[in-house]
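Next come two complexes, and both contain chain A; in the first it sits with chain B, in the second with chain C.
Right, the complex of A and B next:
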């Protein structure tokens, strides 16, 4: 429903599609965002915080840089654990979400409605509440055919994080399939493809391209949600940072230490965001 | 009221489903206070983050390069770091460096309470997204429309308030709604710094009454209802504000 082009050369408002493309073009310019400039900005800000803290250090105490250096390897291990949790939760969430998303476009009304309700439910529930739910209500071990599978806290936290991922992936899949013009379904039907063949051989291969950017965006969001597991008692980068801070018990370390962890997440998530925008742009031109 | 309380007492006695919030006045008051705190936090943060978004988007259109850079740095930093660590950074690191002040009872207290830090942190977090969202909306208003306003004697600020914003707002609304819904879900993080919002209140109840399963389910349902109500309201508003011919 775009206003017909050429009716006026002075529109009061540009069409949203055109703006979106223009906007993404601005966002995608690598020099304007995390190019070397953003990286430099980050380094300068961090150095200033460290220098400020260094100035506030008592003469007898070890320097701020020395203390950060001492704790960095341990905290980095915790940070790597955060990344591991994010990858696992994303894998589980994507697998479950793909199934749920395909159920949302099922021809059977009960399946369609049921999966819609499940999707909306897990999308609207706060991540932290779902995490609490899984941590407190999942058993510590499950018995399957006489086989005892232990469920340690960190696995439960992975499951807890994968639930909202599942719901979001489900929406991405549904949106992706619905973005394909109906004409494609009709032509496939005219060529005697079955519904399953149409879906697997014609619709889904085209969707993958459109679903990749939002899927990557979701992964970045999930990575930034992983520190939540520290609240429910799983030892991650956040827990270790706070442990290091209480072991040192020095106020001047607070800002540099938190900034260090923040910048690690930034360095990991920012390129993903940039890459997402680039992919979006590339697919928008072709599509 | 009495009948409801009696029914839930019976439910506990007969089936072991212990929902104290329906028959115990103390627990009910505590849970409702938590719910109110969550709603209050959400409303205040939504208002502040929208203000940050509008101001930030305005600054992004300014002539000073340094100012634009600073806003861009703020946006990228807050968008690409975990909100929980941001909250801890504000509450423990920045809050820890501020000097203590003496309150009315003569006790030394931090100058900014945990409630205030939660509001500040969440507003900045959601505000970073709002700046981008509003900027996209403002870019939808062509230069010629602004020029027309200028020809009519509007100053840059007045043209922004009376012409650009009302148009930009309509374009931004769908993305804004998404972000605000996310913000409401983010308020649960305030639990981590001891703000007694709904999750915190529920956790207090279940650790005293030992009804984790029941409270957890109540909590989840109430959150889904609150967020669902917001989604529904915003959806209605979106449809009401829709301009014919400009739907995506």
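Right, the complex of A and C next:
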């Protein structure tokens, strides 16, 4: 195993990238540097919003914190639902995307071209539009030979979100496979591996490492996109926040209430982003 | 192989379209009635902190369920999807501040007599000095997306509508001066103004209430004159006769609507 770049203390002439990396290391890990600072920013922003709202509150009305606290459990349930949708959409999208991605490197031209078209189509379509299509085109229940399978709105929205995920995973897989040096294929062939064996035993295991960071990035983006489902009528954290605001009917709660939801998303997604950066550094390939 | 799949798909499709069983049977079989209600329209239908939907229309829905001896299941709807849900059969009944218009009557079955009526008015700061609807011309007026009165007001008085999805967003915009008035139901403006919140002390409902629009509960159009529609009509008459709606207005702190009072008088005598 080659030691991670930039960690050697031998007096060798380092490449410019390695020098930069060492410089960065001297400045501290960007993740670690950003962590507390960003957290502090979040806390400050939140308290400022609450303080501002508190000042605007009528004396008779209950305090902003009290109102937020009252609604927090319900909205948090909605937030958990967002996470559930994100996990399911990611699972479906990853499974379908992996297949689509492998089809993109198929040796059969029709398969390769067909999967390329599908990937490009879903990758370049707006997520919300795909969601709307799924909501409108899928029936609310499927009847197959007397068996009634209900398709509630939230399942449709999971399907809707998994389509762009599928296309993006497909590109990640294709890119991952193509990033493996051609020598690997040639050596495998020289050792009499079949194409399938080469792919499964030599190429893909090397790809997984490279594909993980972009895949995690995609998951974080997907999670932050899940409030889109509130627009098509699914009762998620965003919808519940809005309903809570309607029930309270107090304009000064608008900013703190939405900020509360935002912070939860941030607290969930930010560690994923940090972890991604760390993995990227660890798996970084020279040149 | 392909043929089998096609045949299967065709069969599934055929089954879906035949499947519209009579709603009353469906309710009995299921043991529950599914009602589409609002969850962002206080006090007609809104959330309480435990996540339950409450409000005047939910009480009405509960009454329907009790009469059918069924459990009540609520599905939150918005203006944009309630009619589709009813047509698709995802809900059995709409009780969701649904304005009874001729255009909507071609799509869903509106139950008569109407259970409620609201007019259109505006909420505006006293400093705006509004006296006449015509003063709204070319001025920025806030509105709720999808409300039935938006189109009429736009056509008649030509304001520049600024639409929002939720009431709190609109009220916020109004208070920040993004618009000079908010076109809305007169009953809800009344409730807002009479809530005693000092924020609204300098606001008024300055115009003459227009376009009294009856609200209706709705059933699927093909069943309007069937047993289900007839049953709902009887329920609606009974609500007016017994003064149920007058009572509920009091319970939820809604200003008594002249329409409801009139209907109560009319049906009590019968």
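The criterion applied here is as follows: the second predicted complex is superposed on the first by the 246 of 287 C-alpha atoms of A that agree within 3 Å, B and C clash if a C-alpha of one lies under 4 Å from a C-alpha of the other, contacts with A are read in each partner's own complex, and residues count from 1 in each chain.
Quick note on the criterion: a residue touches a chain if its C-beta (ideal position, glycine included) is under 8 Å from a C-beta of that chain, and two chains touch if they have at least 3 such contacts.
In this text, all values refer to a predicted model and were calculated from it rather than measured experimentally.
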item	value
First (chain B), second (chain C), both or neither touched by A:254	both
Touched partner set for A:144, first chain B, second chain C, both or neither	second
Broader residue contact with chain A after superposition on the shared chain, chain B or chain C	B
Contacts of A:228 with chain B and chain C, given as first, second, both or neither	first
Touching partner for A:79 - first (chain B), second (chain C), both, neither	neither
Contacts of A:219 with chain B and chain C, given as first, second, both or neither	neither
Partner chain(s) touched by A:125 [first = chain B, second = chain C, both, neither]	first
Common ground on chain A, meaning residues reached by chain C in one complex and by chain B in the other	242, 245, 251, 254
Residue ranges of chain A in contact with chain B within the complex	1-3, 10-17, 19-20, 22-23, 32-34, 38, 41, 120-121, 124-130, 132-133, 136-137, 220, 223-228, 230-231, 238, 242, 245, 251, 254-255, 257-259, 261-262, 265-266, 269-270, 273
Residue ranges of chain A touching chain C (in the complex, touch as defined)	58, 60-61, 70-71, 73-74, 77, 139-146, 233, 235, 239-240, 242-251, 253-254
Residues of chain B defined as touching chain A within the complex	69, 72-73, 76-77, 79-86, 88-89, 92-94, 96-97, 135-136, 139-142, 144-145, 148, 167, 171, 181, 185-189, 191-192, 199, 203, 212-213, 216, 219-220, 223-224, 227-228, 231, 243-248
Interfacial residue positions of chain C with respect to chain A in the complex	8, 11-12, 15-16, 19, 39-42, 46-51, 76-78, 80-81, 88-90, 165-169, 171-172, 175, 192, 196-199
